[in-house]
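The data blocks that follow each hold one structure.
The same subunit A turns up in both complexes below, where it pairs with subunit B and then with subunit C.
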Partner chain A sequence: MKGRRYFVDRLMRAIFLFAALMAAAMIVILLVFVTVRGVQPFLPGYPERQEILPFLSGMRWRADQGTYGIGFIIINTLISSILGGLLALPLAVLTAIVIGRIASPKVSQGLTTVVETLAAIPSVVYGVFAAGRITSLVDNLASLFGITTYGGSSQLAVIILLAIMTYPTMTSLSISGIRAVPLTLDSASLALGATKMETYFKVVIPGASSSIVAGFSLGLGRAFGEATAVSMVAGNALFGPTTSLFDRTRTLTSTMLSGLHETTGLDYDIRFSVGIVLMAIILLTNAAIFGLKRRFDKRAQGV
Partner chain B sequence: MTKKRRIKNLFRSGSTWFASLLVTFVLLAVISYIFASGWSTFDISMFSGNYYASNILAKADEDVGAVSAGEFERPAQVAADVPFSENYGFAIQDIVNRENNRVQSIVYVDPDSPLKQNMVIATAGATQGNIAPFEVEATIIVMDAVDQAGNKITLGQRKGQSAEELVAALDETTGILGYQAQIPGGGIRGPIISTVILIGMSMLLAMPVALAAAIYLQRIASDNKFTRLIRTSINLLAGVPSIIFGMMGISVIFPIVKTLGVDGLSLLLGSLTMAIMLLPILIRQSEEALASVPPSYTMASLALGATETQTLFKVVLPAAFPGILSAFLLGISRVIGESAALIFTIGTAVNEAPNLTSGGSTLAVLIWNLMGGETPNFRLASAVSLVILTLVLILNITVKIIVGLTQNKKTEKVV
Partner chain C sequence: MTKTFKGKNLIRTIFLFVVILSLAIASIACDTQEEPEPNGTDPQVETPENTDEPEPETPSDGLEIHVYTRDSASGTREGFESVIGFGGELTDLASEVASNGEMANQVGNDKSGVGYVSLVTNFEENNLKPLAYNGVAPSVEATVNEEYTLSRPFAYTTRAPGDYESDDQEAIVKAFVAFLTESTEGLEAVADAGGIVDVESGKPWDEVKADHPIVDQDNSHLTIKTGGSTSVEKAVQAALETFQVHAGNVQFSLDQTGSSDGHARVLGEEKDGPNASDIGFASRNFKDTEDVTDAIYSGTFCQDAIVVVVNADNDLIDDATTEDLYAIFTGQVSDWSDVGN
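This part shows the complex of A and B:
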């Protein structure tokens, strides 16, 4: 009797361990298989073999002519995502400080709901909003400078859209960072004669900086990978890099989605290659952000 | 305090409130925009309608001859200003449809109308010779009738007539030889079915695995390198963009599904992809739910002689149920809103009657599809956006309510 019961326990444990292992293995499977598929077009023996260097540095993407260069696309993606992220970051930190420190419990709960709702809205819905509202805003702004846009589909529209979409991620991490700063630090700062605002800005926010940086890099990851909404307002420029905010742009993700018809051949496989570049960019920027943060911290400690 | 310091403080305080108001404004702008622009196109018949418009070419049954006029009375439900044909017993109105075209739409058909019984489908195909459906919502394009002199005349919108003129002319005729009508498209029944299938299948696949993994991580695993490796891997998976999951679906799951005999893009492929994509969020939420169960419950159960498994299924999981339900609902809301991964795995074509082994656009993918291409259909896209935004908001509010209720309960118990 006892033996059977313990056998069931051990069996269940094994099942739970197996499930956890399966979930953990997915990332490895994903990376391996997408990479294997994505390098195909550059391997000898591929019917329309591509060269890696022209692919990475090319400034022209003409799928109709068989020219696949993503150099300008990488630059455009970096510009629009980083600018969008930088636009969202101050807003995220400022609302986080309101929620975490300044506001009364009721107000801060209301604001938290706002942030959570922004996070819950599906990206296609943001896309429809961007295509209907943000583009006309950008178009009007451009006409002030006497510039005509492609119906508002532009780098600027992508930046604003990405700022809205990355904001919730950055905010929720900033909030937990700010909440983790012990209130005794506040008290110490106030006792030394600092005002409340000075305390929030010079003690609490720096104290939460590692969470804020983590939020920023997570938000940037979301910006790089955001696909459907961006593809609705990017305008898919054919060459670049895009130098004007009001000009059309093209991101890695909008390229992966554009003109998706067949499920075989170079035009399809090359999207996997773009996918590898996308993942590499996300990993590299994450590493760069944390590297910068570490150097910054060391210098701060040195002083 | 110096003046400079005071101004700086004022500026700091102002900026925090400005930021808070700005994001609240953005949220309201998004929601009100979607509701305002979607509402004008939205109507309840969208849910049951076909996506593609279909044409009906009908002619009088040859055995019976031209459908002859009868005598019908205007029923009470048809307003006095709606043109009503007393000869043939139907009411028709000029409207602007979802595709933004001016059409003449049937608003009422008498059950005894001769057009309902004696007209057959004339288009070649399997349905040729069947009784043609003459129903509300269909739009009349053109009608061939017999006038009092016995000559064939052509009436209707194609002849430049308004609904009123059409009815007036019809009531002067003695019979109808045939007509051409259209059953309007722009309905989302197919995408709704796809979405439901996708939700059901992906949650069915993901939830047990996620729950089991969460149980392992929360209750069994000790804090060591191996566990941290598992956690890191799952966190990494959470950071992968959804479009990459679409590519994973194509490169990993596609061949597996193919060996099961399902070739091409299918909802099964989409569900499996979604299930993997949902794992990190479901695991995290389930872990939180399990962590909220007080350890004293487990100890009490074990002390009473229950085994680990009994404790888990009879004490811990029931206690964690609200949290697990929240995880479930959040997962559903993710599936409803997901588009990028599905574009690759289920395809963008709308399927009127999708099933697990066929492809078929979901609501979110339909929006993307409508917004892309040469002529974006913004009206229908915003109506569908209205539908999925409402669903997602309801799900998220429900989760908030569940969380709120369970938290209240816990504080009560402590008191």
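This part shows the complex of A and C:
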């Protein structure tokens, strides 16, 4: 009997280990694959060899002329994703407070379902909606200022779209963070004479800050990685960086996606190089967010 | 007390903010329908008293040109640029779109927009106005008659007689060319894949195949090899797939690499090399240097038409010449009222 239980225990352990290794191996395979492909255009011996510095700092992307510069695309991607995330963050946190603290159980259950449904909607659906509605909204807004747009395809349309798309991710994580703050803390705060609003903003939100920051960085990840919907409203400018909210923009993912099915050679391989840059940017942004949070936490504890 | 007020003020401010924001959005969204009226595309109706010269007053005067282009891997773009003759000179101000449908959608939403789509696009549904090219309105008939010339031929050529792996191979290639160019079934397959052909001119395959008895035997050991232009791939593959059913399960392999290989691998210097093909294709006419007189058959099996489109509300242009389009797409003119001057 004992021998059998021991055997089952070892077997399960091996299975779990295998599952964990599989997941880790996928990341490694992916990284290696993208890196090997993406580095090629810069290696000696490549037929139309590219230089790294002009690639990273270039302000024009003209595949038809063999000019591949992603400097302006990096800047545009950072601006649209971070502004989109920042636009969604306050809405997400306020929604989470309503769901986690203020609303009655029934209402909060209903709202949670809505948020979860929003998170599950495929991005191309958001794209179709954005290409029809958000762009005409932006176009009308621009005409109030006397600016003509490319049918509303603009930086602003991308920002609004990304705010809508990142909002559910940020909200769900904020909700679980806020629910994890013990109600006894609220009671203590109220007993000390704080109002409900003060309690929410000074006790509950700081208590849930880890989850909120995690939600923000996950949301930003979605914003950086969104390709289909974004390329439908970005206008895909050929040069940059974009300085006006109403001007067209171009993101790293939409650049990787456009014409991918029909192209070969350098124009194909260079998309992997863009992919490496994108992964690096996501890693750096996440590191920066958590670095900032650590600094704020330290300051808060110091005071 | 003061603290209580702070809390209440905060929530009140947020509510006010949300209410104002939604009101603003609602008012802007409602403007969508009424927007064209102040911009007056129909000056006669609005200003009957200014009967003398309402035209120059229209705000459409001074309408900026917004150029849209397909991505650089697109065959439509390649065709358009080669007919107008501005490869690589496209203006930097152009917007890139990823597909034919997206092009239609974007230009349909942008009053200043101009782009190019394939002839099968539904213009009305997308709020588009197709432009006549050098005075000829785009249509399937006009393209087939070669009156509408913003198009490119899909040309084919076979190997020389006797220059095949076997007599059966030669017979099956001849049968396929007949199927592709003469039979209703073949023409329909090409038309369904987006090629422009006169399906009416076709004869039923049962009639055509009388000259090609090879199709009645089992041909699964034979493989028709094609080469040349990548743009023809969809149409040729559709025809080959249909032909397979009608010709004893003959096999095929498409190795489309570019128009210049169409002649080279069939009649030119690569005709006996490892990439040799039975039929070569080019998405243009064969050049003078590409001699096809030795071929059993050569010619054009279909046309690919491209239509320049503007927004349906753009009343400043109906017809464009090659020079107009060159000027528009290279950025030499930036305003609709300057086109053609």
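By our rule, the second predicted complex is superposed on the first by the 281 of 303 C-alpha atoms of A that agree within 3 Å, B and C clash if a C-alpha of one lies under 4 Å from a C-alpha of the other, contacts with A are read in each partner's own complex, and residues count from 1 in each chain.
Quick note on the criterion: a residue touches a chain if its C-beta (ideal position, glycine included) is under 8 Å from a C-beta of that chain, and two chains touch if they have at least 3 such contacts.
Model, not experiment: these values are computed from the prediction.
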When subunit B and subunit C are modelled together on subunit A, clash or fit: clash
Contacts of A:225 with subunit B and subunit C, given as first, second, both or neither: first
Partner chain in contact with A:212 - subunit B first, subunit C second, else both or neither: neither
Subunit B versus subunit C as contact partner of A:238, first or second or both or neither: second
Subunit B versus subunit C as contact partner of A:118, first or second or both or neither: first
Partner chain in contact with A:263 - subunit B first, subunit C second, else both or neither: both
More subunit A residues in contact - subunit B or subunit C: B
Which superposed partner A:94 touches (first subunit B, second subunit C, both, neither): both
Which of subunit B and subunit C A:6 touches, first, second, both or neither: first
Partner chain(s) touched by A:136 [first = subunit B, second = subunit C, both, neither]: second
Touched partner set for A:30, first subunit B, second subunit C, both or neither: first
When the two complexes are fitted on chain A, the stretch of subunit C hitting subunit B, from 41-49, 95-103, 257-265 or 311-319: 95-103
Shared subunit A surface residues [contacts with subunit B and with subunit C]: 94, 131, 133, 195, 197-198, 201, 231-232, 257, 260, 263
Residue ranges of subunit C touching subunit A (in the complex, touch as defined): 3-4, 6-8, 10-11, 14, 25, 28-29, 31-32, 35, 64, 66, 70-75, 87-88, 90, 92-98, 102, 105-107, 109-113
Residues of subunit A defined as touching subunit C within the complex: 60, 62-65, 94, 131, 133, 135-137, 139-141, 143-144, 148-153, 194-198, 201, 231-232, 235-239, 248, 250, 257-263, 267
Sites on subunit A touched by subunit B in the complex: 5-6, 8-9, 12-13, 15-30, 33-34, 36-37, 90-91, 94-95, 97-98, 102-103, 111, 113-118, 120-129, 131-133, 164, 167, 171, 195, 197-198, 200-201, 218, 221-222, 224-228, 231-232, 253, 256-257, 260, 263, 271-272, 275, 278-279, 282
In the complex, subunit B residues that touch subunit A: 1, 5, 8-9, 12-13, 15-20, 22-24, 26-27, 29-30, 33-34, 37, 208-213, 215-217, 220-221, 229-230, 233-234, 236-237, 239-245, 247-248, 250-252, 264-265, 276, 279-280, 283, 307-309, 312, 333, 336-340, 343-344, 348, 364, 367-368, 371-372, 376, 378, 381-382, 385, 388-389, 392-393, 396, 400
